[in-house]
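Encoded as C-alpha cells, here's the structure I'll be asking about.
The first chain written gets the first letter, and so on, giving A, B and C; residue counts start at 1 in each chain.
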Amino acid sequence: MRRLAPIALLAVAVTLAAVSRDRLAALETTPRGGNEDLLYLPNGRYLRAASLGHASLAADLVYLWAIQYYSDYDRTDRYRFVEHVFGSVIPELDPHYVDPYWLGAMILTVEAGDLEAGLRVLDKGFENNPTAWVLPYLAGFECYRARQYERAAAYFDRSSRAPNAPALPLRMKAGTVAKKGDLRESIRLWEEVLRDPRADAASLAIAERQVRDLMVRADLADLGAAVEAFRSRERHLPRSIEDLVRAGLLRRVPQDPNGQPFVYDAETGRVTSRAGGVLGAR
Amino acid sequence: MSASEAPRGRPRPGALDAVFAIAVNTFREGIRDRILYLLLAFALLLIGASRFLSLLTVGDESKIIKDLGLSAISVFGLLTAVFVGVSLVFKEIERRTVYTLLATPVSRWQFVAGKYAGLLAMLATNVVLMSSVLAAILLFRGESPLPLVTAEFLILVELALVTAFAILFSSFTNPILSAVGTAAVYVAGHLSWSFDLLKKRLPPGAGRTLCDVLHAVLPNLDRLDLKTAAVHSLPLPPGEPLWGALYGVAYTVAVLLLSAWLFSRRDFP
Amino acid sequence: MKPDCGGNGSALRLEGLAKSFYGHLGIGRTVAVEKLDLDVAPGQIFGLLGPNGAGKTTTLKMILGLIRPDRGTVRLFGRPPSDPAARARVGFLPENPYFYDYLTAEEFLDFYARLHGIPRAARRARVADLLARVGLLGRERTPLRKFSKGMTQRLGLAQAILHEPDLLILDEPMSGLDPVGRREVRDLVLAQRAAGKTVFFSSHILQDAEMICDRVAILVKGRVRFEGAMGDLVSRKVLWYEVAVTGGPPGGLPGEMLSSAGAEALFRVGDVEALAGLLTSVQAAGGQVTSVWPRRETLEDLFMREIASGPAREEGR
C-alpha cells in the first residue's frame, strides 16, 4: 500500500498533465511558432523564439528602439528597413500591438513617400486586429491625401464596419465620396451618419450641415446641367427655371433647404443659392 | 499502520506536520537570505522604471508598463527559482545539516516536499508583491490591473513547474549542473513547438521518434504564457487558464514524485 | 505485528554490513566497511573506536539510513533505519556539526521538536529545559552563525537528546572540545546510561572511551578487529612505573633510564619495591621527583597492538 501510493499518484499526475496538454493544444487556434520553414527563420519569428516567452516585451523593445532610430534624421538609409521592422518584425513578436503599425505607416507614407508600403503595413495590422478601426482609417486618410478617392472611400468603409468604430470613418467616407464628385451618394452616406447610433452630437451637427450643403450643391449641379442641356437643344438660354421643367429637363422646381427658390440669372444662365455664400466653394 | 505500532506512545508527527515544519524553515531561510532581497529590489526597480521607459514610446504607454511589469515578475521569479531552488537542497548537504534532519523521523519525501513548499511560498510571496506594485502603478494611471491577474497566476504556475525541476536536478547533482539543467528545461520548454516543426523535416525513423518524445515529455511552457493576451485584454478560449493551471500542477506533482524517489535513493557520505 | 524490540532485545544490531565507495565514473573502489557485525544491548555505552578512515562515520551513517549499505542489515530496536518509527527512538550528533546559521538557538530546537512531533504546548518548556541542560542559557536568541564551535557542539547534543531517545548515536563527540567541554559530554553520556538509555559513539581518542565505555569495538580498515567488554580488554594491574626525576645525578640510580634531557630524566621501574629504592636514591642524591606514573595496560596499547597485528578478528570476551 505504501509503495503503491506514490506510483498511483504519479500515474494520476502524468495522465492529468497529458489530458490538459491535449486540451490546451485543441484550444490553440494558431500553432505557436508557425508552421513555415524553420531553417529560414525570419527575423521576427527568430526573436520570438529567442525571447523565451517574453515576445510581447521584445516587441516593445524593438518598437522603442525603432522609434529612437527613426527619430534620427541624419541617417541616409532611414527608410530601408521601415517596412520590415514595423510590418514584419514587431507584428511577428506581438501581432496585437497596434501602435507600431500606424507609426510605421506614417513614416512610410509621410516621410518616405511610399504610400503602397504604408498601406501594406496598415493592411497587415488590420488583418491581425480586426477591431483596430484606426488602421484602415489611417489608410483611407493617406489615400485621400494622395487624391485616390476611390481607394480612400473603400478604406473608410472597412474602418467604419469594424466593431467599436466611431462615426468618424463614415463621415470621412461621405466626405471622400463627395470629393470624388458623387454628391448624391455622399448625401446618402451623411444621412447614414445621422441615423448612426454611434454618432455624437458634433458628428450629427456636421452631418446635418453636410446634407444641407450637399443637397444645395447637388441641386445646383443638376440645375446647371439642365441649363446647359436646354441651351444646346434650344440654341438660347431658358428664361426661368420653370422653362426647364416644361422642357422635361427637370422633374420639378427645386428649393434650397431653407425652402427658398434658387436664383436664376437669365442673362448669364448661372444658378445661385441664397442658402449661404460658402456653398460650392468646397 | 506504523502509527499504531509506535513504541510507548512516543509522539508521531502527522505526515504533513513535518512537511509544514520544513516548509516554514525553508521560507524563513529564504526571507533571511540577502540574495532574495537583491532580486526583489531589482524587479521592483524595473517595474518602477517601466513608467519612465513608457515615456519613450509613441502611442499606448500602458502597454509598455504592463509588458515590462509582467516580464519582470516572470524573469525575477525564474531567477529566484533557479538560484534559490538549486542551492536549497545542496546547502543542506554541503553544510551537513541534512544529517541530523534526516536522522529524525522525517521521511525523504517529506524533506523534498517541505523544501519545495517553502520555496513555493517564497515565490508566491514574490509574485504577489511584484504584482501589487504593478497594480498600484496601473491604478495610479487610472487603469484596472484585473486583466493581468490570470497571467500573473499562470506565471506562478510556470515558476512552480520550473522550481520542481530545480528540486529534481538538485536531488542528484550539484548546484551548477542543476542551474544549467533547470535553465535548459526553461529554454526547451519555451521552444518545445520547434521539435514538432523539426519532426516534419526529418525522415521517418529514430530522429522523428526522438522529436515526438521530446515534444511530449518536455514541459510546454508557452501554454502557460498568457502575458500578451492579458496586456491586450484579448478574450481567451474558455477554460484555457484552467487547463493551463491543471497542466502545470499535474506536471509539477509528477516531477516532485520523481525527485522524492531519486532523493530517497541517495547516499549522504 | 513485529515485537517492539527485535532480535534478542538489542538496541542496535548490525549484520554483515558492507559498503564501498566509487570514484568518478565508477572508477576506483574504496572499501569503507567490510562485513561488520555488532550487537549493542540496551543500557550500554558502546564505543566504536578506530583510527581516522577506519569506516566509523560510514558505519554510523548506515545505522541512521543516511547511507544505504551494499550488503547486510541494520536493525534499530528490530526495525530498519528507513522506518521513521525506528529513527524516532534515536538521537544523532554528527562529527563537527553545523546548523542553520540563520536561525536562533531557540528557533532551531523548536524546529527539531516539531519534526519529532512534540506538541506545541510542550515545545517551549522542553526547549528551555534543554538549553539549560547543555549550558546555553541566555543564548536563546543568539543567531547560530555567532556560535563558537563548542557552543555548536552543545546545541548539537541538545537536538540529539531533544526527544529523549532510547539510543543516542554520537560521532566523535569530543573532538575539538576543550577539557571542560569533554567533561560535560562525558557527564551527559553517563547521565543517559543512568536513565537507562543506550549510547553508541565513535571516537579516535581512546582516553575518552576508556573512561566511560561498557563495551568497545575496534574498527580498522572497515573491519572489526576487536570487540569486548572494557573490563576484559584492559587489565587494572600496574605494569610498571615511570618516574620523572630532576636535579639528581643521571648515573648511579637504579632502574632503566628511558630518556634524559639536561637535568631531567625519566626512569622505568618494574614494581613497588624498585620504586621505593629509586625514590630513596633520588632523595639521597639531592634530586627531586617531579612525577610518578603507574602504567596500566591502556586501550591505546591494545589499539596499537591490534592495528599492528594481522587481519584476523579476535573475540575478546
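FYI, a residue touches a chain if its C-beta (ideal position, glycine included) is under 8 Å from a C-beta of that chain, and two chains touch if they have at least 3 such contacts.
None of the values given here were measured: they were computed from a predicted structure.
If touching chains are joined by edges, the resulting network of the protein chains shown is an open path. Among the chains present, the centre nearest to the common Cα mean is that of B. Taking each chain's centre as the mean of its CA atoms, A is the chain most distant from chain C.
The mean-CA centres of chain A and chain B are about 46 angstrom from one another, to the nearest whole unit. With centres defined as mean CA coordinates, chain C is found 90 Å away from chain A.
Against chain B, the residues of chain C that register as touching in their complex are 1-2, 4, 21, 58, 61, 64-68, 77, 83-85, 87-94, 96-100, 102-103, 107, 111-112, 114-119, 156, 159-160, 163, 169. Considering their complex, residues 2, 6, 9-10, 12-17, 20-21, 23-24, 27, 29, 31-33, 35, 38-39, 49, 52-57, 59-60, 63-64, 67-68, 94, 96-99, 102-103 of chain A touch chain B. Per the touch definition, chain B reaches chain C in the complex via residues 2, 5-8, 10-14, 17-18, 21-22, 24-25, 28-29, 32-33, 95-97, 99-107, 265, 267-269.
Within the complex, the chain B residues that touch chain A are 1, 53, 56-60, 63-64, 67-68, 70-71, 74-75, 109, 158, 186-187, 190-191, 193-194, 196-198, 200-201, 220-223, 225, 227-228, 231-232, 234, 237, 239-240, 243-244, 246-247, 249-251, 253-254, 257-258, 260-261.
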